[in-house]
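Here chain A shows up in two complexes: once beside chain B, once beside chain C.
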Partner chain A sequence: MKKTLRASQLVGLGLLIGLLAFSVLGMAFSPYSISQQDLNAVLDAPSSAHWLGTDHFGRSMLTRMAYAVGLSFALGVLCVVTSSLLGTALGVWAVWGGKRVDHVLGMMVNILLALPGLVVVLLFAAIVPGSFWILYLAISLVQWVEYFRVVRAITQNVIQSPARQSSEMMGFSRWYQFKRHIWPAIAPSVFTLAAFGGANAILTMASLGFVYVGIQPPLAELGLMTVELFPFYSDAPWLLAQPLVVIALMVFGFHLLAGKRV
Partner chain B sequence: MKAMLLKRALQLVTVVWGVGTLTFVLMRSLPGDMAYRIAASRYGQDNVNSDAAALVRQELNLDQSAFVAYWHWLLDLLQFNLGHSLVSGLPVIDAIQHMLGHSLLLALSGLLISILIAVPIGLFCAWRGNPLDSVFMGLSSVIRATPVFVLGVLFILLFALHWNWFPVAGFGTPAHLVLPALTLALSLAAVSNRVVRDSAKQTFQAAFYQFSKVKGLSAWQTFKRHGARNIAVPVVAFFGIQLVSMIEGIVMIESLFSWPGIGHGLAHAIFARDIPVIQGAALVMGMLFVALNTLVDILCLWIDPRGAREA
Partner chain C sequence: MSVLLKLTNVAVYVGDTCLLEPISLELRQGQPLTILGQTGSGKSLLAQAIMGLLPDTLSFQGEVEVFGNVLSLEERQALWGRDLVMLPQEPWHALDPLMKGIYQVSEVYQYVQGKPNHEALARAKQDLDDVGLADSAHKRPGQLSGGMAQRLAISAATAGGANVILADEPTKGLDVSRRDGIVRLLQSRSIAGSLLTITHDVAIARQLGGTLLVMKQGRLVEQGDALEVLDNPQDSYTRELIAAEPKSWTEKPLSSVDTSAETVLLAENLAIKRGGRTLFEDLSFSIKKGEVVGVVGDSGCGKSSLGDALLSMLPVSAGNITRFNNTAKPYQWLKLYQDPPSAFTASVSLGTLLEDLVRLHNIPRERISPLMTRLNLPDAILQRNCLNVSGGELQRFAILRALLLDPVFLFADEPTSRLDPITAKDVTSLLVTLARETGCAVLMVSHDPDLVRKTCDQVIAL
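Right, the complex of A and B next:
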């Protein structure tokens, strides 16, 4: 499958790669740790020692931002990989596996869709507060449904197509049929969903951090940092601006990468 | 129509059972001693000892087996008996009614403002085309990429703290409603104005639309006879999809602005492990969701009767 990215998608990709580079370089080369306090240098403006200033405990903002961005990317990528694989596989299976499989999967999807995703994630986050893995599990659980519905709808058409049916009659294996007929049809939609899914996963984690049920201090997380730095907005507005701008940039990058709108 | 309503009714039953079971299972698997946590939120963290916890356990029957508790819970649910809050001791149904009123007020005013923003801008962009089109679409992309709570924080910083036009948080006067509703409206409108624009553009370019202009109808007559309904169908259908982001937005915005609605209540109940309130709030959200979706379906059928024949 050959695919050329449009200019806006390239900009999105560049934005994300830039943020990733910032995160990796920051984690690798920063002399500070995310919880190392320096109470003599509280709420400092950006300087040569602390390139992005220090927060209310005198912790290096650059280090904390690098770790927070890294955490967001890790969650986003993990959720996208898990939910797209699960959703695509089950979506194809629902069409191919006969009526009964379709019914059971359809019922599961309806139950999951009954509640808005954020509420499901909130309930899961309540079980194990501050756990990265529970967030990952809950967000993936919510997100695979999207892939499932889209993949199932498209696959249904492909399965009926004369091309696929003659391919089956010629005795090609199911895996070959998937590769040759189904995957090319669903790939663009799966890619678009994945880009939006990455944005949504990052957004959900930040939202949970923001209502204080997500990742817990002293870990650095973008939503949590917004709440922590909010009281100091008048003394150090540049600190509050950092997590806000970075969340928006990440989401914007993924949206640009998606290219079209779902 | 009948088939659609039947399907929705079935969905409602699934929702009630599914949500009930899900919240029940989730709440049973919470780690830590439930009685101790409830006692802590009742009497304060410093005044809790094992006697208090034992008292709570006895009072609330927390030592039942899971199966018995599940059975009781389903029976109660069938009678629509949601129980009492573990923390305040008040009936959940009262608390939920109170919260639902506030949430609906916020949701409806947010929705209304978002329609007032999105429809004119979308139509205008489709009608006038570039360069205004690109400006507005670029702007809505940027707003769309901004998470709801970031938008809310920016509004608080600007309008409440910097200019002091509106109160920061709370409820009671109409002025308290302005910022939360505006935040919700803007985040909804940033997505839906694009749908309005795309739908309008498609309709304006359609052959039947061009023809009605050629046969001599004025621009306004053409729009009224051939444009409005055709544009409205995808927009209303899209609203069904947007319900999710609206309810998620409400959870965030209520927490941010201390608006005493369902989302705020749910977040607080999760902290306090107030199981009946969590169940009640999640249940009401699920039911509200189905009800609104049904409304969207009916509205779609009313605008576009062509759909009825296929269904």
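Right, the complex of A and C next:
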């Protein structure tokens, strides 16, 4: 499938792997925990004890950033996997399952599309504040629609193609027809959507953290850290910059990986 | 008779490879010139070289003289529309799909000839009346049939006033009856100037008359007066081309089907409706084992629908279809498609596709290689995917796949209409021979009555 990645896609992949490595190494080797306070050393500049400085409670920024990046990646990957599997499966089913299935799924999708995505996520987040799993559920619920629509449109063409018809006539199973005809046609679009979807999931979680309905303190989350450190932007601008730069890098990495516009 | 267009040693190269060997020709007023040859013979390159449309990767040598002056590439491009015009191969690609026909023609009067709006429209209307499109003037190209779209394209192309017309396969994909109309229209358009036609169809060359050039792999093999060359060809390639025309195929031996052979399929009083229109009614016929049944008719008359209905892929609106062979599995009722590349997935090699089939139905592997030899398929194609194999090879591969399943009935939907005449002849005769040998009934759809008459045991005209 991924025979050749273009240079820009490799840069994107490298960026994401670098961030992931930072997160894993930070969580594994940092001597501090994310909630360990040292009120004698608040808003410290980066030093040999605290490589990225300390926040307003004297907590190690490096440790907190490592956990926050890890959390964002976990959510991004989980959402992408869930929504792409769900969207692709339902998209193919809508075409293959006949008119009735298509109508029911189409109606569900239209209802979801009528609501702005962030509002749906906010609604879920407001029901169970601070739950990682409810965020995951809500974001996946919003994102599968995109996969569904793209996959359904492409599959409709493939289903009617002589190539698939001929395979069916020769007695090949539906799984075979999917593997040989449908998947090769939809795979490039699904990969591109997945890369953008990863970036969107991370941005959504950060947005919710920023308005205090996402992950709750004392956990470390990029959006939450941004809003917590916001009052200290003139005293310690390097602190506020850290979550912002990392969010930008993650989104940039995913978009580079996507390689093309949908 | 003035010389309108004169080529002196025109050649086309890509890098150091010669695609079109030096060729010289003259196009005189009122004397049409036809270039005959198979796909890949460099015909279209020549037309592009004359127009100045060659891609940048190709280099051009030689001189092109238009109306007695040697002109450079830019000077020739300045003649486009007003003096020199090229008709594209497929009208669908040349017309604006969203614009109504009449405006596509009136635009030319307005912007190329600089006529005021109302006069341009009036002239466009007159043009469309002349080619019999008066009722379809306000339709979009998608609503027109192939022949109508080609007539519209010709009207638009010649509205600029050009007298020298280059037509590249002007009748590709058209029915025989439509084909003659287009050729006559082109002839009438070029009375004041001249017509250079590129085709692989011997019938068109015969109809146009004038001078004929036969090309093979970028080389001129024969030239002369069209009728003389066609009636008395000197070169073996020309003879082969002429022999490939269905009209000149040898008559099939009579009564090649055993009358006592069991009936495979019986259709009684069939009728098919599509989109609220009845395509045909009260059609009854039976097909015996090993029999080749031909279906002819113009496009849109329901030939393909009939085949699909027999394969239960389409519902019939009335009548019965009875299948007699009860032991046959569903996968022994198969179809061959018109456009070979679209009938295969490009995601894996042909070898993988064959392997899939062998594994699914437990076909003994030792059957493959004799059949490949029989169908003249080299082993090397199994490593390639369907986009890197020629149309003829691919269609033979399709036949191979079908035959491995021991089909009882094969619906061949214009299996050779996208192939070159020589290849088409090979594929058709192989299909027919193998069907008779294996006792497989074949329903062959074609728009060419000659082809059907020469190959089929029974003909259904729709």
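Definition applied: the second predicted complex is superposed on the first by the 261 of 262 C-alpha atoms of A that agree within 3 Å, B and C clash if a C-alpha of one lies under 4 Å from a C-alpha of the other, contacts with A are read in each partner's own complex, and residues count from 1 in each chain.
Quick note on the criterion: a residue touches a chain if its C-beta (ideal position, glycine included) is under 8 Å from a C-beta of that chain, and two chains touch if they have at least 3 such contacts.
Note that the structure is predicted; figures quoted are calculated from it, not measured.
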Overlay on chain A: chain C relative to chain B, clash or fit: fit
Partner chain in contact with A:R180 - chain B first, chain C second, else both or neither: second
Chain B versus chain C as contact partner of A:A248, first or second or both or neither: first
Which of chain B and chain C A:A153 touches, first, second, both or neither: neither
Which superposed partner A:L203 touches (first chain B, second chain C, both, neither): first
Partner chain(s) touched by A:L10 [first = chain B, second = chain C, both, neither]: neither
Chain B versus chain C as contact partner of A:S161, first or second or both or neither: second
Greater chain A contact set [chain C / chain B]: B
Three-chain overlay, closest Cα atoms of chain B and chain C, distance in Å: 5
Chain C-contacting residues of chain A that also contact chain B: none
Chain A residues touching chain C - in the complex, by the definition given at the top: 161-167, 169-172, 176, 180-181, 183-184
Contacting residues of chain C [partner chain A, same complex]: 311, 313, 329-331, 333-335, 337, 339, 342-348, 353, 356-357, 360-361, 398, 401, 405
Residue numbers on chain A that touch chain B, as the complex places them: 107, 110-111, 114-119, 122-128, 199, 203, 206-207, 210-211, 213, 223, 226, 230, 233-234, 240, 244, 247-249, 251-252, 255, 261
Touch list for chain B against partner chain A, complex: 11, 14-15, 18-19, 22-23, 26, 29-31, 141-142, 144-150, 153-154, 157, 161, 194, 243-244, 247-248, 251-252, 255-256, 266-267, 270-271, 273, 278, 282, 285-286, 289-290
